[in-house]
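Which chain is which? They are A, B, C and D, in the order written, and residues in each are numbered from 1.
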């Protein structure tokens, strides 16, 4: 399986994390989450069952909304969105996400765009997947400088959603909201526990010898490289082309 | 001026009461208020100024709304509707309106349709004109059996609107919210104070010899019988036809 | 996605909260008799924001437990006879409302909020009889500013009729956006339509603007003239003679039964 | 009703609260330079719900006092350089929000309500820095259910760009209904359009469904390619090369001034 690209591992892992959802929403510039959702849909349809509905924000092709930019949030508030992805300039060990900036607010030394819908969606979407390819101590910090959206809430606070997993370029973590904290579930090929520990600014639970992230089987890979990259190209042409270039380099 | 029909007096009085409004909303089955609003618009345009915008609920021709049946109320809440008409199965001397029924609620002995939007619009439309042709002690009672919408509110209650006048088949009253109560402003031709007192179940202020309701001049009447009845016929064909039949009978 | 009225009616269970639109917005009269045949009772109706023929017939058939509404009438044809009789007998529980309060409850559900504030209402007997509405002192003012909170209205089922849907379940509601509000707020949405079109209504920006997406639609059934004897905007006018005929017939329980027993369920 | 961008910009006064749409909804870039030329400052911007090029340019021109927004960025072209610089210098006051909170504030204004409740937010630093938001205990629950109230957002002016308007001032917004929400909530609404059409857009049910009625529109001006370098839905794509060119130029104040001084205000 040396011919599986790192990003293909990510896409296939996302498809697994999404298994069972009816409706997943994906941000406008999130080709890997979108590819994961499309792969799950393709797999379900290949099995003769119904795949998830995929709403891609900002896409015309995958826009099922007709009520302006408020509809995504209304839809989530109605319980009609089962899964969503969040990134973050900083993510800490309690699942807190910072999309605003570093240093003292409001005069942040580094300012990021802002919290977008995270301060709401993180509370009401049951399966939020934290996704950030860059796995460094700069991103995964002990404590975020600004809480755009908290990982957990005190008892009594209305919360039907929250983080279930954190997927990075090096590994996959599950979020345990009872503890609360992350637990390393698996390590991607080419990485190891020591490296992940060094790259992570927060403490996390882990087995002594964590297992490797599950790799896709041949039929899944065929589906991904065929139908899914075709579909992906409609919305993310540059990303799909790049993936295909990288595959070409591997084959050569 | 013997040739002015009683309903023409009502229509012309309504046009006077609406003077200065930018936007008036009229119920679906309210041809006389609609005619009054259309007459005002025609008079303004004849003077070379801008007449009021007229929204007729349920009309296609005069429907400026595109956001469903909530839009009228939103629009009123935004302060974009200056005048509205309310009737009522019962109206009392404090301007309280009952659109629900007589006797003990909820098992009303006579049940009317219900309060519609009155419990909101009466509070937020600055110039509400109470209009009921039938002027009897059955309608104009000392105290309504059910308050669909109150004529006045205690200090501190948000209220940017309320009743300004009560127009009936016999006369015109002004509403004085400081007292609070009605004051007879004028009596329509063919009626007198004694008759109105007998027909009204609540006390009201009045001059010893109240004046007669102002009658339309010739140009106003021409405008009404020409352009306004034409416009009215688009939305209320039966009412316009009946008015013209009655005018024909007078002329004959 | 594609169904037929009788099949959709079977999903209505006793005790469900059912939202129905105002007479001019697109009433699915085609669903009325299937619902009555199916016979699930103890329904809690929500009229958005007022009710008419359909509500009167469901009450006449004995299926209704409560009516939340701003009014019930047959318009030009007068009062709603079975509703009025049921009120007099105490056979239905009333939740008398005002139009924007019904809309506010639906918006709360649409937004996933437990309530919406609404101006007006204070000092009315509507408020006095609604123990589900709550008056609070506006927390954003300096005190002494009472305001009413309307709880979210979350219907189990919404039922309406519109001109068209596409094969994917996208439903064209045009400017009757209260139909979208009802659907957003509801668990299940049944729609009857004059016609099913081949093209995807979301594919063109012009038609998409008036679409309730399939996301919110449980099933769609074709029912030509499905609003009759009500009219349907942009399609056909109301049949006021038929509504008047009903109004007269339904003055008595027997007259109502005789009217409903008639075979004529669609215009000749 | 019919006007032109420069004339509309003259109605913007110092200290006004100005609502602007998200980059893909229809930004009236055609109004940006006229607003800057006119020069009214101390503006309180409300981004619905996020801001981009236009917001960055108004900040760069020194016209902005506060920014209420869920984010400001140039999308694929990266961070918004003048916004980021102003944040670092403390030159603008931030009212950091989250998308549904901006929508909630507009809906409150649309409904004539003083506030709207919103789930989420509790425990965020957004809430901690917003003294205009208020946490209350949900009065409809049994206690112990905190919820945030968002006050009504009532902009003085809303400005956006769409494909068309008719001669009567009816504006076609299609499915971008946040533009309607902004207009409902605002005192004054200025719209630029690609074209003015002859027919009344309200006369046909299909086009009417996507119309913001003239009732809410203060003035309309024709401005072909008026969203450029942003795209306009159903009309033309974004010019990402131009946006990237701006992003690079505006890294410094001088670069920004040089870019804005260029004569090219429309695509070649």
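Keep in mind that, in the parts below, contacts are C-beta pairs under 8 Å (C-beta built on N, C-alpha and C of every residue); 3 or more make two chains touch, one makes a residue touch a chain.
These figures come from a predicted structure and were not determined experimentally.
The most distant chain from chain C, with centres taken as the mean of CA atoms, is A. More inter-chain C-beta contacts link the pair A-D than the other of B-D and A-D. Per-chain CA centroids place chain B at a distance of 41 Å from chain D. Distance between chain B and chain C, defined via averaged C-alpha coordinates, is recorded as 29 Å.
The mean-CA centres of chain A and chain B are about 61 angstrom from one another, to the nearest whole unit.
Counting only residues that touch two or more partner chains, chain D has 100, 107, 111-113, 118-119, 145, 147, 175, 180, 208-211, 233.
Each of residues 65-67, 74, 77, 124 in chain A touches at least two other chains.
Taken pairwise by the contact criterion, the protein chains fit none of the simple patterns, being neither a path, a ring, a star nor fully connected.
Chain pairs that touch, as defined above: A-C, A-D, B-C, B-D, C-D.
Partner chain A is touched in their complex by these residues of chain D: 22, 24-25, 48-50, 69-73, 75-76, 79-80, 83-84, 87-90, 93-94, 96-101, 103, 107, 118-127, 129, 144-147, 175-181, 233. Interface of chain B with chain C (complex): residues 28-29, 58, 60, 65-70, 73-74, 77, 99-101, 105-109, 111-124, 146-150, 153-154, 156-158.
Of all residues in chain C, only 109-113, 180, 184-185, 202, 208-216 touch chain A in the complex they form. Residues 100, 104, 107, 111-119, 134, 136, 138-141, 145, 147, 149, 151, 173-175, 205-211, 233-234 of chain D are the ones touching chain C in the complex.
Against chain D, the residues of chain B that register as touching in their complex are 23, 53, 63-67, 73-80, 124.
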